[in-house]
Structure formats: C-alpha cells, structure tokens
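Okay, so chain A shows up in both of these, paired with chain B first and chain C after.
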Partner chain A sequence: MGIKNKIIKSENLAHEYARRDESGDVTGIVRALDGIDVQIEAGSFVAVLGANGSGKSTFAKHLNGLLFPTEGTLYIDGMDTADSENTLAVRQTAGMVFQNPDNQIIANIVEEDVGFGPENMGVPTDKILKRVEECLKETGMYSYRRHSPNHLSGGQKQRVAVAGVLAMRPKCIILDEATAMLDPAGRKNVLDTIVRLNKKEHITVILITHYMEEVTLADYVYVMKQGKVAYSGTPGEVFQNVGMLRECRLEAPQITQIAQGLQKAGIPLTQGVFTIEGLAKELLELAKKR
Partner chain B sequence: MSVLLKNVSYIYGKGSSEEKLALRDINLEIRQNEFAAVVGHTGSGKSTLIQLLNGLEKAESGEIFFHGKNIYDKDFSMKMLRSKVGLVFQYPEHQLFESTVVKDVAFGPSNMGWEQLKVELSTFGALKDVGIGEELFDVSPLALSGGQKRRVAIAGVLAMEPEILVLDEPMAGLDPASRKEIFELLKKLHRERKITVLLVSHSMEDVAEYASRVIVMNQGQIVLDGEPRKVFRYEKELSKIGLGVPQATSLMHFLAEQGVAVEDDCLTVQESISAILKWLK
Partner chain C sequence: MIRNITIGQYYAADSVVHRLDPRVKVIGTLVYIVSLFLFNNFWGYAVAAGCFCAVTVVSKVPFSYIVRGLKPVFFMLVFTALLNLFWTPGTVFFQLGPVELTWEGLRKAFFLSVRLIFLILGSSLMTLTTTPNQLTNALEKLLAPLCHLHVPVHEIAMMMSIALRFIPILVEETDRIMKAQMARGADFESGNVIQRLRNMLPILVPLFVSAVRRANDLALAMDARCYHGGSGRTKMHPLRYQGRDFAAYLLCIAYCVLLYASVTYLPVL
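What follows is the complex of A and B.
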C-alpha cells in the first residue's frame, strides 16, 4: 500500500529528552517514545490508550508538529514532520484539542476565537466569516457566536476549541484527553460532535483518553506502554485481552466486564459486546430460548 | 455531628453583571466518619459548596457549624477550621512547589506553628499513609509519576491532621489503575485514621463502588441525598440533569424495563453478574 491513503505513518519514531536538575545539569535521558511504528488510514477513528506517563501525549505532540523525532520518521499526509518547511502545513493538517479548555481559548468573543486560526493562515476575511459560521454550526455552538467564552461550560468551551481547529480545514483532529475535565453531559456533547465529523466529513480522529467507554467508538486502538505500542487491535480485541489491560494499567468498560463474567459462568455470548442495548438484546434472546 | 449547614445561600460575582445565585438555601449535615460523594454537572454548585466548608468562601446568608460552633462567629478560629477541614483541589499536583517531597509535605504543618518534632512526625506519617516510600523523600516532586504526585499532594493536606478530607475530583486525568489506587488509599484513610471523606466526582462507577452516601446537586440545590443504591434508582431524573448511573446499574434498569424480573438495584459489575445469572437459571 502506498503512503498516500495513510494520513499518519511513523517508522521507528523515538523521542528522547534530557532530564535536568534545578541548576540545569543533565541528570539522565528519558526515552519517552521508543520505536513507534503506526499506520493510520485517512478517515478512520483511532483511540490511543495507556497509563499516565506511557508516552501518549508526547506522541500527540509529534502528530501536530509541536515535537520532532529524535530518531525515526513521522509522515503526516505524506509530509516528513522533521522538515521545518512542512511544520505549518503539518499543523494545518492535524489540529489538536488539549485537555484544559481554559488554556486554549484566547479571544473575547466565541466567533473571534474560531476565526483566529484561519486569520493567521492568511485566509481572506469573507472566507473566514463563512468558515466560522460553518464550523460553529458543525459543533452546535452557532447560537453562542457572540458570547464571551468565559461564560460557557467546559463542554461548550471544548466544542468551541474543536470549531477553532475545524476552521483551519484539517484532515485530522487529535484530542489529547480533551474530555478529562468535563462532566458526563459535556463529555457526551464533545464526543457526539467528533463522531459526526468523522462519519460525515471523514475527518480522521485520534482520541487519547482514559475513559474506556469512549474507546468503544473507535475503529482501531493503540495501547501504549513505556513509550512503545504494547498492543493494537479493534476495541473488541483490546478489551478481550484482560491480562494485557492489567499490565498496561487499564480496564475494560463495565459492560464488557459483565459480559466476560457471564461467559466465564457458561453463558454463551458473542465476543466483544460493549453497549448496554447490545448485551441486553443478547440476554433477552437467550432467556427466550431457555 | 461534625459539619452542619443551615439555610446556606451563596451569590457568585455579587455586585457585578454576572451575579448568580450559586447555592440556594442548602441544609446539609456531614456526619463524622462518613464517606460521601457530591455529584452534579459543571456549574451546579459543587465546588462552591466544598469551598464553604473550610471557610475559603463565605456564605451570603445562613449558618455553618463545625462541631456545634458557628464558623462565622467573631471568635471562631478560621485557621483551626482550615487545618481540620483539609481541602485537596482539582489537579493538586499543580500546586507542588518545594524542591523535595518531604519539604513539600512539611509545608502545611510547619505553618501550623507546631514544634519541629510534631511537624516531622505528621509529615512522615502522612507520607507513609499515602504509600510514598523513603527512597522518594528527597526527590523533586516534579520528577514523580502522575499518580505519585497526587499522593504527595494528598499527603501535604493529610499532614495537617484534618478530621475531614475534602477532595475536588481527585481522580481526574488518572489512568484506571491509578484511580483505583487513589480510591483504595482514601478507603484506607477513612478506615484507619477515622477520617471523614467528602469528594466531588464525575465518575458514577467510582461513586457506586466506594461512597456510602451520594449528594446530588443541580442549580445550586441538593436534589437527591442518600445511599448510592437508593440514589441510582433515579436514572431518568439523573439523566435529565446531565448525570448518569454506573453502566452496571443502567443495564439492569434496561432489562427491568423490558419486563424482565431481575434485581435492578445493582451497583457493581459483580452484583450485575450475580443478578443476571440468577435470572437465567
């Protein structure tokens, strides 16, 4: 397969940095990424899991051109991120939404914030206005366009941040624990928006998260451990591998755990069930037969 | 009785154009040695409520009693209150600042005016209780892992020997194993130190497993208050105010709605498995 339909492709990607003490002397070398080989197809929805400190966020920063490989190569839509001439195009191709909504909103009015990215890219004003309108409608925040971001809830702020990334017309959106600080309703709104963008606009989504239920939305999952990809597969495959999950300090969502417990007790269920409705349906059919 | 709130109201941004009634007429008793959770969507008043408890914010009206004494009385010592009601903020590791773990944890007790020996005893006792080993004592707190940092931050509050430990989303941003470790730690402190735990959480799964009481807030008011098993029966009502119930509970509610005769007040994975097996037998 050519490099063309792989929006993200890394070969032996590594990132090392020096750990320094208070006076700035080097006390050691940390290998935060240690030989990452991934190929992500354009239009897919990929989740990245891993314990705190496993290298997820470092990886995300590479995708967005905030960090550069110290070894190996990373291509974003065919562009080598190590080439500084590509940096702007890489950032435009792969937009990032961070964890804390308050750290990434800069303007006093929602629509100005969303227009900030395209304005910096030199997009003509009439086109900016059109894009801002479209992106705010896309994230369901259009009715708040004249509001101050300060008065929005966490989930609303994150949707504005997503709109701000969208306004740069990226092919890929990376969410680095972007739902971690949100309440359940806020989390759902952001996820619904992301799923819609993936399905309708075919934007590639890279979702970095600690919430296992969110992972069930993904087509494919990478599990990271100590800077390496420890395991990869579909959500069903990943959640079935209980030993690996434990080793990587993760766990399956409750519904999957229940299904696994029932299977152990001899109830014949299909593998990889992880929605409430899905499991309930299977159980009801089983009950009918008995 | 340890903390009692009587008709407490709080106005956010008073006098500004943003004025908002953040808490309205709250009546609440936090009993000694409870393990309680406060849940509610963003802006429901949870954080304001917990900041009132140690005097960080002052109520607009109403009274708050600590062991029967009105904390707004002139001769009431706020300093004493702040040591007895220890507040652990969201992302507490952002507030670590000393050059070593021990110095960071000792910062609070040193400010209490205690003699050196007592400061050291409480510091080392707290570090031991949160499971931070001696090999980390002289390390910079910034060099620790996410879970370790959070433990050190909790130790810093614990070292002031509070009677009540109040935590604002202590699990946010941690991986599943670290979440569990922090919860097990709180459970141990609750049991061994006889400490009262009050925490704010967005994870209903965690609340169901660990808390003995859930206080649900919406628009500045307490709308539900009771044992998790009772509170999580109200899935529809909770969903209306942006909250949910654990997946294990929701599955059983769903089955019951389909007309299946199952125990539908399960809280954990294990309980749901048992109930389903019983039904299918």
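What follows is the complex of A and C.
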C-alpha cells in the first residue's frame, strides 16, 4: 500500500528529553517515545490509550509538528515532520485540540477565535467568514458566535476549539485528552461532534485518552506503555485482553467487565461486548431463547 | 471587588455603535476625553452629558452596566472631590471651626468629579461596545506607521488582546485560590498593611505558577494553529471605513462645534 493512503506513518519514532535538576544540570535522559511504528489510514477513527506518563501526549505533539523526532521518522500525509519547511503544512493537515479548554482559546469572541487559524494561514477575508460560519454550524456552536468564551461551558469551549481546528481544513484531528476536564454531558457533546465529523466528512480522528468508554467509538486502538506500543487491535480485542490492560495500568470498561463476569458464570455471551445497549440486547435474546 | 471592573468586558448587542469602525470609537473617545478638560462651564458639561446619554441609548448597553465601571474608582473620586472642597481658597459660605467651605471649592470639586466620571463612563462605553480584539485591531492599524521605526506593533497588539482575554480567567482563579486558602484557615482581613500584604503571598505564588502554565499551554495552542507572527497574516474582520463611520466622524466634529458654541455664547453659570 502506498504512503498516500496512510495519513500517518511512523518508522521507529523515538523522542528523548533531558531531565534537569534545579541548577539546570542534566540528571538523566527520559525516553518518552521508544520505537513507535504506526500506520494510520486516512478516514479512520483511532484511539491511543495509555496511563499517565505512557508517552501518548508526546506522541500527539509529534503528529502536530510541535515536537520533532529524536530518532526515526514520522510522515503526516506524506510529509516528513522533521523538515522545518513542512511544519506549517503539517500543522494545517493535522489539527490539534488540547486538554484545557481555557488555555487554547485565543480570541475574546467565539467567531474570532475560530478565524484565528485561517488568519494565520493567510486565507482571504471572504473565505474566512464562510469557513467560520460552516465550522460553527458543523459543531453546533453557531448561535454562540458572538459570545465571549468565558461565558461558555467546558464542553462548549471544546466544541469551539474543534471548530477552530476545522476552519483550517485539516485532514486529521488529534484530540489530546480533550474531554478529560469536561462533565459527562459536555464530553458526550464533543464526542458526538467528533464522530459525526469522522463519519460524514471522513476526517481522520486520533483520540488520545485514558477513558475506556471513549475507546469504544474507535475503529482501532493503540495501547501505549512506557513509550512503546504495547498492544494494538480493535476495541473488542483490547478489552478482552484484561491481563495486558492491567499491566498498562488500565482497566476495561465496567460493562465489559460485567460481560466477562457473566461469561465466567456460564452465560454464553459473544466476545467483545462493550456498550450497555449491546449487552442488554444480547441478554434479551438469550432470555427469549430460554 | 476586582470582579466589578467592566473595562475589557464586551457587552454583546446589535447597535450602530457596536458596528462602528473601532478606529472611529478610539478617536472619538480620545476627542471626548480631551474635550472634557478644555472648559469650566455648566453648559459644556450639559452638552457632554447629553451627548454621552444619546450615544448610550443608541448603543443599547444598559446604563447599570456602564455605571458599574465607576465602583472601583469611587473612593478616589470622593477623595479628590473632598480635597478640592476643603482646600480651595475663596468666598467662605460655611465655617465650622478650622473647616471652611468655599463656593470656589464647591465648584471645583463638582467640575472635577464630573470630569472624572465622564472620563470613566466614556471609556467604559467604548470598551463595552468594542470587542478587545477590535480595539487592538484599531490600535494596530492606528499605530501602523510606527512599524517604520521598528516598533513591533503586531506583537504588541497580540499581547494586549491575549492579556485582555486572560484577565477574567485569572480573576476567577484568584477568587478560587483565595477561597481555597481561606478554607485552610488563611486570614486576609485582619492585621496591619504589612501583615496583610504578607498574607497575600499564598495567593500570588499559585496564581503566578498557574499563569506561567497557562502561557505555556497557550503558546503551544497558537503554534498548533499555525501562528507565525504578523507576516502573511490575513484578517477575518479587516477594518474598512463605511458610510456610517464618516457620519460618526462628522458627529464628532458637530459635538466639538456644539461644545465650543455652548461654552462661548451661552451665559456663564
């Protein structure tokens, strides 16, 4: 398969940074990423799962050209991120939504913030206005376009941030724990928006998270541990592998744990149940058969 | 108390004043402020007050919103008024022991307070009807000639707009930290000035740390959205003068003429 269909392709990607003590002397080298080989197809929905310190955020920053590989190479849509000529194009191709909603909104009015990216790219004024309108409608924030971000809820702010990334017309959106600071309702709104963008606009989504429930949305999951990809597979496969998850300091979603408990107790459920609806449906069918 | 500052707080409404080019508003406000200090006459203040009220009504900003901007400077206002009231020599109309009140003092105190009040109200009205981003846009454009003197006008404008964006966030954070410290038994109210200042330290340190962290995050977010300085940048809302802006400039001139006429030709009060 050619490099073109792979929006993200990393070869033995590694990143090191020096740990310093208070006087600035190097006390050790931390290898935050250690030989990552990943290929992600355009249009897919991929989750990167990992406990704190597993290197998943460092990986995300590489995808956006905010950090550069110490070793190995990373191609975004065929562009080598290490080449500084590509930096702006890489950032435009792979947009990033960060964790803290307050710290990534630059302007004082919602629509001006969404226009910030296109302004930097030198898009002509009339096109910026059109894009901003489209993107705010896409994320359901159009009615708030003249509001101050300070008066929005966390989930709304994150949707504005998503709109701000969309306005740059990316092929890929990276969410670096973008839902971690949100309440359940806000989290659902943001995830619904992301899923819709993935299905309708075929934008590649890289969801970086430590919430198991979010992983169920993905087509494919990479589990990271100490800078390495410890496991990869479909969400179903990942959740079945309880031992591996525990080793990575993660836990399968509650509903999968219940399903596995039921299986152990002798109820013939199929493998890989991880939604409440799915489990309910299977149990109903089994009950009918009896 | 710091929550009450309305400067930098945009009041969203749909009015002609809101739609005006921010450059008109900046220049208009400057003209207005300067004009307040050029006369000493009741008629002049009547004109200034009338014009201010007219603009306020057109702007659809609730009056209570604008007045809120006066609260933080209330004590300064009272203080300067009293100072002028008691320490201006002239015709005495009231005496109690060593305290003398003079007509001149009364007049001076009144004029000074009115001037300061309208100065603050006028600039509050401008910031309430102009988004800080528009404001910095206007300053960027008005100061653009300084670029030739190697003044980084774009960078300064960007810094101003970011500072304005984070003022409410940091105010909220200060509030949160204060409450957290109070819950742990910190005392911000008692003691003398030095003790009180020392008690502020547990607020300032976490606030400073958090501000630095936020700045770091924001810089990353700006990088991620392709920010690379002012070169090659377009504007979502570029400033272009419209018919109404020229009309507003004419109104400004009309105001000056009216003010001059009222001060010169009406009987002095």
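The rule is short, and it goes like this: the second predicted complex is superposed on the first by the 290 of 290 C-alpha atoms of A that agree within 3 Å, B and C clash if a C-alpha of one lies under 4 Å from a C-alpha of the other, contacts with A are read in each partner's own complex, and residues count from 1 in each chain.
The rule is simple: contacts are C-beta pairs under 8 Å (C-beta built on N, C-alpha and C of every residue); 3 or more make two chains touch, one makes a residue touch a chain.
Note that the structure is a prediction, hence the values are computed from the model and not measured.
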| item | value |
| --- | --- |
| Which of chain B and chain C A:G155 touches, first, second, both or neither | first |
| First (chain B), second (chain C), both or neither touched by A:L279 | first |
| Touched partner set for A:E251, first chain B, second chain C, both or neither | first |
| Partner chain(s) touched by A:L66 [first = chain B, second = chain C, both, neither] | second |
| Contacts of A:L182 with chain B and chain C, given as first, second, both or neither | first |
| Contacts of A:T125 with chain B and chain C, given as first, second, both or neither | second |
| Chain B versus chain C as contact partner of A:R19, first or second or both or neither | first |
| Which of chain B and chain C A:I109 touches, first, second, both or neither | second |
| Which of chain B and chain C A:R146 touches, first, second, both or neither | second |
| Chain A residues touching chain B - in the complex, by the definition given at the top | 19, 21-22, 50-53, 99, 151, 153-155, 177, 180-186, 210, 212-213, 246, 249-251, 253-255, 257-258, 261-262, 265, 267, 276-277, 279-280, 283-284, 286-287, 290 |
| Chain A partner contacts - residues on chain B that touch it in the complex | 18, 40-43, 90, 99, 140, 143, 145-147, 172-178, 202, 204-205, 242-244, 246-248, 250-251, 254-255, 258, 260, 269-270, 272-273, 276-277, 279-280 |
| Residue ranges of chain C touching chain A (in the complex, touch as defined) | 10, 12, 131-133, 161-162, 164-165, 168-169, 214, 217-218, 220-228, 232-238 |
| For the chain A and chain C complex, residues of the former touching the latter | 61, 64, 66, 88, 91-92, 95-96, 98, 100, 102-109, 111-112, 115-125, 128-129, 132, 146-150, 164-165, 168 |
